[in-house]
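One chain, chain A, appears in both complexes that follow, with chain B as partner in the first and chain C in the second.
Showing the complex of A and B:
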């Protein structure tokens, strides 16, 4: 029963992708090519990383809107440190940014656990706080491609393999490596460890999870720390893909990622959501943002279309939940 | 006298009044020569109404255990609708007076419809208010964005901008109007049966449902009302600033949450008073103006507001724990 409904959502999302791509393909034949696939993978990789983190948080029944600020904080501070010390190593960059992300994420998790206030309000506060601390105490200068560490710049140009096209070549970016690793790790944690069972349990009922012996504090710290780590990685990938770091970058992109995860079938009340759904959600949002222009709609229609999709998917998810609750004679919602 | 009696009964309100007076005096000592000039007080009185209405809308959603994140987006987009009418792009051929009336009507109706959309999804489908209003925030601001491509619509008829700039005995008309609306609303909340129902609905939805309340209708009522507050605010914004655009007043959302937190509205619902919200709005406006006078960068302002929200939540948490402990002690005493 449960499997069938999850599959329904996946089929629904795949259907959207196929229908949408066909429509765009009819308008613009060049769209249906391997180039588009590679481009989509490249431009989705940032959002895909944090979408995985957000999925884990949402399964645990919480939310986080501070991750763009964490990603920017990690990326920006890492670049500042690398420029100051002259260390020019990609792994160092990833490690440092991830470390910052974990620390900020743990801070979020601790606050959410101890204050007993909706996580959205807390992370709205920490979003302002992180961004404010970064820009006030660390710096608000823009670093362009000239001063950026070479290792980060070269990371964005590297390709796993290349395919020859009629004109020039195209290839799969290195960005896909951290994403694939993150997918594997997330899958393993969610479905193959006790911690993963605890995350699902807490999303369904925190009280029940506590009574079977899970420690809510540990689980909260883990999900927010994990999100922080992924956000830190996303920070470096973002730097690499734009070849510069702006003090205002990324802030405000959280809505698109939340929309993607919600579209992927994650329930806001927790306990429900799939990795594949979240990834398909990211791809759909990304496709819409990049190709609405082919349908004759300017980029200012982005928010409208994504917002409409998000409203529809909230309606579907909550209607299903309500029907299920009524079947079980639950009237607590 | 009644006020003093009320203050003695309500410790939270008392603390709030003390904090408010203390802040006002402290700011007066620090920068009083710039803050308490007639000009600065006047500009405060012009800025308070639009924010106060949004904050009260948020407080209403908070009272019922919900939240309305779409308020600011709703105000902006309804304002854009009104601006479209005023500029003659919609309903062309109206006389100036008629266009102004239609514009106001369009803003109010559209804001209430947006609110009703939230209310229907929350009430009829039992969706969580937070995710619903988050989605509708994106959707509603998307409508405004699609209409304007992010550009501002500027230049309205004088008769319309007069709404935002007119004053009566030196007090802005919009200030008087918004205070009357808020006080009437506060009165309605505390002394009508629907108002009391909203408190029970916020306190315990399941109990409210099984007490025979039409909870689905209550949800729709709440979010239509918050929408209406956003609509009133939108008219004040566009007539005062003489322009309508997406993304105006982005900090209002955080500040409105801050007002509810400081104003003693319990985010779990069922607790809080409009009088507390009103006092907090004045405090927040004083602080906003002080930050402007100190000429802080937008980044430091962000830091200060964010830190303040977290600190307030922490203090609230400590206070709640203290209160629970005291209640427990009292019960134990009563038993033995």
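Showing the complex of A and C:
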């Protein structure tokens, strides 16, 4: 019974992963290894965090494209403060960056709610605004591995456990810890709290949600604040994974995350989307980014493949909707 | 003896200078079905919003049993057992039936967490109360409108509703669904609840009502036993005047056939439909929801290609495969849902009216001639009596009747030979209604052919000189002349349309 509700979309995404892995595996047996699994998880961690935040926002019927700027702002400012104060503690880093993220996120949520202007435009503006504030008032220097706080550097190298391979060892990155926590928290909020049901309700119909007693302001502040928190965490993971802070990092990566979440079944009109779908979307995109090389394809094929996948999945969805509308004699096209 | 659930005493409410309600006294009793009728702007919705705690009255009191309130909040209204089912039902289409039913109760109880087992249990209890079975895990958006309405009723019941308001509950329902709804509502009455229908449609709902309360211009005209009023009397009370609809008689000597349809068939929708529309004909299509009228009309406008059969326009065989093709032949189409299909809601009156003839209005480099556009709009406003503060007023701010007149104006701009009207007077005031009928009849007298679809059989009989009765996708009768003049004709059509159900 329960599986009846498991979206067709999830099978579609799993299917893509299986087919793709089979093709690559046939071509290059090295691909089918635990190493690939671990690498994909590691490289997906950053995007997975913000994808969860974006999923929550999209379920509520909104959108955010400022999260890379928030992540960078949180990470960058945290590093500046850590260097200036000499505090070198990973939890402090996460807490501080998350706090910045929450503040900027709440700012987004407040604007989106009160201005009644499409969230896309507002967060396009705040993306530049946040980044501009950072580079103008806080700094635009690059911090290399030499000056980076040791706690962040070591976070990147840590592994939960290791497996001996024929040549050397491989292990599961520490990055999965915040991701797993974020998945659990997001799941709990969305499916076990009334706040989460309010997020779904608002994405279905804001007016109806208001009528049953949800407060749209509270929900907007929450979803953007939550996105901000996850973006702040992502900022630290990003710094750890590149071992440096560049003042122009991350900016421009928002579309890939949006693509992943949409591929995972979230809808721009809100009310729909699953955690599993969003995560699979992230995994597919990262898997392709990292392993097309196994097929002997250059990195310029990445965009082509991701783009094609996205267009195909959107076309299939909208075609099905159109058939359905046709059946009901609604003419939407 | 019936128990008064709520009593309004001398309730008044004004909005920026407009007296929406003045000195309303009303008692709603348990175990009764009340119909609240009135034209748009008569104060029906303000009254409901006061009882549900959305608006605060300026004066008067609201009494529940022993307790008297100067005003209510939404919370106190729910606590006193007041629930409203809005016309749009306020459901969440991507969420399950169970959750849609339980969500209001969870909110009211200030739940922080969701217990899914309880959600399903609450939902099942409500369904049991009214004796209906629904799949609790189905998404509401996939249900029929009738079942969606049942979900909305269950949501109200989950909050222990004692007084249930239903806003225009039957508009989108099939005959069967209406019957089931009325049965459920009568069951609720047996249990001692009060059900208040809010409507400006005078239909089957009236038949089950115990009492009818009529509002006009913010004042109560009176409470009436449903047995003591007929439709004409209700209309008279609603409008304060006698509204008479003139009967259409075709006088044209020119019998040129505009449209002829032979054996038109679309699988699963309609079958073997044949008829003619001559100049000056108003052909009525009578039938139930799902009888195939709408599908047939869409086919004639190129939106729903038929599988087989022939269409002749002015004697020549034609294929109408797109609205553009239909328009080129001189066919106009007024869709049933003016909001999503008939209007550009955020555009002004002028832009809406000129939207069908932009090519004709544009000259050099396809730039629209604004002067000509405005002249056209002014003409429409004048002849159709569209009440608007200016020709540049955004159309969504007009009342339904005036919006509909603009849709008619938009099609008149192409000077159509044939105009298809699907339910042109749904949700429209009695006054505007009679104006629209007058226009339609004028057009026919001027030699246009019209096809008129309506659920109101009396209006079909009034406005049409030929009526095709459809049931289950087939034409079951073609009535004209003498047959339509018979006093018994409405009942006859009623019987015909319910064939094989």
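Quick note on the criterion: the second predicted complex is superposed on the first by the 310 of 333 C-alpha atoms of A that agree within 3 Å, B and C clash if a C-alpha of one lies under 4 Å from a C-alpha of the other, contacts with A are read in each partner's own complex, and residues count from 1 in each chain.
The definition used in the following text is that contacts are C-beta pairs under 8 Å (C-beta built on N, C-alpha and C of every residue); 3 or more make two chains touch, one makes a residue touch a chain.
Just so we're clear, the structure is a prediction, and the values are computed from it rather than from any experiment.
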Overlay on chain A: chain C relative to chain B, clash or fit: clash
Partner chain in contact with A:172 - chain B first, chain C second, else both or neither: neither
A:194 touches, of chain B and chain C: first, second, both or neither? second
Which of chain B and chain C A:124 touches, first, second, both or neither: first
Chain A: partner with more touched residues, chain B or chain C: B
Chain B versus chain C as contact partner of A:258, first or second or both or neither: first
Partner chain(s) touched by A:298 [first = chain B, second = chain C, both, neither]: first
First, second, both or neither for A:272, with chain B first and chain C second: second
Stretch of chain B, among 205-213, 241-249, 295-303 or 313-321, that runs into chain C once the two complexes are superposed: 205-213
Common ground on chain A, meaning residues reached by chain C in one complex and by chain B in the other: 331
Contacting residues of chain A [partner chain C, same complex]: 1, 4-5, 191-197, 200-201, 203-205, 207-209, 211-214, 271-272, 329, 331
Interfacial residue positions of chain B with respect to chain A in the complex: 67, 69, 117, 121, 125-128, 130-132, 134-143, 145-146, 148-150, 205-206, 209-210, 253-254, 257, 261, 267, 297, 299-307, 309-310, 313-314, 316-317
In the complex with chain A, residue positions of chain C that touch it: 74, 86, 88, 90-95, 99, 103-104, 106-108, 111-114, 137, 294-295, 298, 303-304, 341
Residues on chain A engaged by chain B in the complex (per definition of touch): 63, 111, 114-118, 120-122, 124-133, 135-136, 140, 247, 255, 258-259, 262, 268-269, 298, 300-308, 310-311, 314-315, 317-319, 321-322, 325, 331-333
